[in-house]
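What follows is a pair of complexes built around chain A, which joins chain B in one and chain C in the other.
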Partner chain A sequence: MGRAGWGLSPPGVLFAVLGLGALLLPFLTVAANRIVAGDGVLPWRLAAPAVTLPGTAAVMAGLLLGLPSAWPRLRFAGSILGLAGLLWLLMQGAPALLVGAGDYARVSPAIGFWCLLLILMLLMADALAQLAPGSLARGALLAAVLGTLALILWSGTLSQLSILQEYAGRREAFADAAVRHLALAFGSLATAAAIGFPLGILCHRRSSLRTTTLPVLSFLQTIPSLAMFGLMIPILGWVGDSVPGAQAIGIAGIGFAPAFLALVLYSLLPVVGNTVTGLAATPPSALEAARGMGMTPRQRLWQVELPLGLPIILTGLRIVLVQNVGLAVIAGLIGGGGFGTFVFQGLNQTATDLILLGALPTVALALVSAIVMDILVELASPTPQGTA
Partner chain B sequence: MIEIDRITKTYNGVKAVDAVTMTVETGTITVIVGTSGSGKTTLLRMINRLEEPTSGEVRINGVSTLATKPHLLRRRIGYAIQGHGLFPHHTVARNIGAVPRLLDWPKDKIEARVDELLTLFSMDPAQFRDRYPAELSGGQQQRVGVARALASRPDLLLMDEPFGALDPIIRARAQDDLRRIQKALGSTIMLVTHDMEEAIRLGDRVAVMDGGKLVQHGTPAEIIAQPATDFVANMVGEVERPLRLLSLIPLCDLVEDGDAPGAALPADASLRDALAACLWTGRSAVPVERDGDVVGRVTFDAIRARAELRA
Partner chain C sequence: MRIGVGTILRPALVLLLLALVLRPDWFAPVFRPLAPEGAPAIYARSSLLSLSLSHLGLVAAATAAATLVAVTLAILVTRPAGEAFRPLSRTVTNMGQTFPPVAVLALAVPALGFGAGPTLVALFLYGLLPIFENATIALSTLPPATMEAARGMGLNRWQRLVQVELPLAFPVILTGIRLSVVIALGTATIGSTVAARTLGEVIIAGLLTSNTAYVLQGGIIVGLFAVLIYDALVQLEARLARHTGGRRTA
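Let's turn to the complex of A and B:
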């Protein structure tokens, strides 16, 4: 064991090699304006050596701290140190590069930054997997990370970056898009849950319903997302035109309604499927005992089947939430709003940073949703840890 | 008193249980024994209407079970099954209190009953009350399962192969516990098993089922001494019949005055134990003791005569 105590963590070695390699790639790009392609700048050329050295050193030190397998806390600290180094380089590099570059010049993170960001986050995830913190600790950590991120964005230290300049010109539109995106993702989740839970319970009770419903829902799931959103246009357009009052409540071929409906249809299979699986996971002997002691079907459902199936049912909601946060981007294409609006605008204008303004919040939202739902699934586990 | 009156269950034209009639006296253990497919479990499940009888009826203390809604009926009848069927997400206390909670007992009464039952089953309430089933051994899980079935002081306790999942040593202890607790509480128990040894050991009365029919219903001694059909004789085991018979008779029945060498056996041990002691140590008689005092002896010849007499 003495030797093992000083052993190297294989993923740590991989991260260090890849990370040190990524330091040799362009860290930021400078472009004359927001459309044209820029020139890459290596990390140590961002500014004066006295400024870039602490940042590069922190990244290198962080990667090296990730090496020893026996000290997960140290590896975690290393990932924090490395991320701090990245932030330092961004903060110092962007203003320095803009000096004398012209009024329309833009600075964006380049391949080296993204690679390092990914590698350091993987290092953090790997260290966390080793530390295996409890659900509350993970929740607190997530809050801390989000708080730090909000503080950095609020402070304006990164406002020179191109993506934040795109944001600066679209504050109101961004807020609208965020609200719309959340409404699409969570609203469709809530609707799908409201339909899917009762449907799942009915499917659990009646195998004839199960054998007809699940294939239909699977079929819906196989329709490509673009085609699904496209299909909604004529269908809801017809409903809006022919049903009196439908247009008054916002039902039309384009806009929020078709996007929302498409997302609900995609959500039904995971919700219904996992509800059926979760309810069926009850040990048969526990069900037999519940019947034998005189529980009514309703009591069996609420006191035995649902509590025991809850983790699986919540896992279904997790799948739906993460999936819908991503799919809601496509709503931008049919006028449904959300972060997709920026992605498609950016694609039309070939403005990469505008695309990122839509894509990055989407990724962050999906990641946060996944982590929060994982914590909820763990808290819903019916027996204490280690005894299930 | 439980009266089973010409009860029949037909599945797709095949009679799983065929016009079974029997009476179970209050405060006794009746063991229903048979091979798999004999209809013994179906018979048991028709009593608390987990299976609805095709025809015939069951009366508990004179009242037909068909007069009550099935789930209300089941709350009055304890039910323990193989593999215990405990709720994995509830503590031991909550599992045992399940039926009293369905019956809306007050909270403090449920708690007192849970502690009383845990104590009865030799499990320290303070230690076990808040554990989860997965934190118990197989034998403890089984005891909690039986305690749960007894929690509401039911008129009748139905047990379907309750000891089937236990290893032989723990099973023997569980059987002794059940006997002791049944005597203490005066419960009426109907138990299903495929194990004739268990039936003879536990039953005041043994009912043998074959092909959906009740082929013999009597005391263990009657079943061993006068098997009604070849099937029953086969179940008892031709070679083991005299030994099984001897296992039912305590030493105090045959004790006589006189001395014998070697270690003494307690008066409530069976003749089978005494026979084993004679054979193993080469003695022709063993001393019998009661409360530590030797009260006489049982001779090898007397044991042999008793076995011959019946067989």
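Let's turn to the complex of A and C:
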């Protein structure tokens, strides 16, 4: 901080060194089919030098632009330039490597690509932390990134990559999995909010309820996810068998219902806990003033405590959403659907790209949820600094 | 009331867990109705004790390595020389924790193959974040008066770190370790899908053969381990907090 002029940013130096090192690693792999291990290809061997040069040059220039600590905008631009270079190498390298490699040949990004992607994204994050954009600017940036990503995928320039070939063979299953995954994550969030929110308000009012409810919920949270999903199976199987009409609405031991219930149980602690903390965080002076104005307890709750506690309550929802997007993957093991289906199919077939087809959308969904919820939390905070 | 429930329930659960792991046959009548016709009710393909030990060993090794690395990194970024890495480290811990542990595990497989290796790496990587976050917060929010006193006593930087900063930060770091351990226990369970030897094997075997008895048996054992270890660490934290004057709780 405060270092002006030509000072070098220490993280920038680290990224440049690591990034240049990563350029010496295999960038893509070519394999004879989707199962066998492939051979790594170095960035400058992907295609003719005239084709790979602009890409590698852009990556190097991007890394170097990340160096000066005084110009965060330039560093940010450097990260964009570097990412564009990576995209160029992928676009040019994949078709070039597939020429004459056989009908079942597959090209996938290799360790070098993933390292460079990570390094350039860290550079972007570092530059953004320096720039400290407001919540609206962050939202616009996120929209721009997602828009670009959608455009790239839609344009088909990367369709030669193995992961997109896996997708091409499973368009409908992928759409189903996406809908199911979102239904699990958001449905359980909504249900947990509908239960947890009133429960949190009750806990806020009665300390005896609070001291019994919160420990029970935190123990529930502790149970490993696979065990929790497994434990739901006999319970819901029993309900499905013994309660008339339960099976008709889809309650059975295997499938959507146990996954959904497990996610709801995991969600209760962050919702209830943060509601209690949020409501308790009202400054005594504000409560005093509300009382002085003659507000009833109900009015105090809705007009004073809830609005003031909203950032903390929303933080609870953020935790739940991110957690459930990730945990919904486990549903794939008990026939609950979602992206986990691809992950575990891929693990069974040792098909790396099928694993990625399930894992990458999950990671992206979790990241986007976190960023969007962070923006919402910030917008709900009375002071622009947030509550962190 | 709290003492009453805890003192009765804790030893009871420990005994139940020990019995489930060491003498699984005792529970055959309980699980029998859940097993399909003709299928065994008690998991016998490998001993539950060795699966438990291997499960706990993975978690312990990964958490120990993660603690060592995370606390070292936290010490570095809280020194003046590491200041420039603070904003970056905050972003990385914030965003890194949004990565689903299962996804980390699945992504480690292409890089490292099947077996205990990818599980260990996934547990280690994921375990770093909560410990690092808590250690950084603890080391950067030490009471200024205490630090001033330590400087006034003529302690050098190393002595201040070892004798004052780390002991004061320890309870908060321990909270981070507890969060890591809980996540690691859960992720290790899923590790059995990539052929790591953990208790998840029992649950997965049950899911594959539609044997609810296995699922329940594995689920209860893993759940009890998690709950008891979590509880033990909470007790340890409470005790330490009392020793160091109950400075903060995270």
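We take it that the second predicted complex is superposed on the first by the 379 of 388 C-alpha atoms of A that agree within 3 Å, B and C clash if a C-alpha of one lies under 4 Å from a C-alpha of the other, contacts with A are read in each partner's own complex, and residues count from 1 in each chain.
Please note the rule applied: a residue touches a chain if its C-beta (ideal position, glycine included) is under 8 Å from a C-beta of that chain, and two chains touch if they have at least 3 such contacts.
Everything quoted here is computed from the prediction, not taken from an experiment.
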Which of chain B and chain C A:111 touches, first, second, both or neither: second
Which superposed partner A:322 touches (first chain B, second chain C, both, neither): second
Touched partner set for A:9, first chain B, second chain C, both or neither: second
Residues of chain A touched, compared between chain B and chain C (which is higher): C
Contacts of A:299 with chain B and chain C, given as first, second, both or neither: first
Contacts of A:126 with chain B and chain C, given as first, second, both or neither: second
First, second, both or neither for A:334, with chain B first and chain C second: second
Common interface positions of chain A, toward chain B and toward chain C: none
Sites on chain B touched by chain A in the complex: 48, 50, 70-76, 79, 81-89, 98-99, 102, 132, 134-135, 145, 148-149, 158
List of chain C residues in touch with chain A within their complex: 2, 34, 83-85, 87-88, 90-92, 94-95, 97-103, 106-107, 109-111, 114, 182, 185-186, 188-190, 193-194, 200, 203-204, 206-207, 212, 215-216, 218-220, 222-223, 226-227, 230
Chain C partner contacts - residues on chain A that touch it in the complex: 1, 9-11, 69, 111, 122, 125-126, 128-130, 211, 219, 221-228, 230-231, 233-234, 237, 253, 322, 325-327, 329-330, 333-334, 340, 343-344, 346-347, 350, 352, 355-356, 358-359, 362-363, 366-367, 369-370
Touch list for chain A against partner chain B, complex: 283, 285-296, 299, 303-304, 307-308, 382-384, 387-388
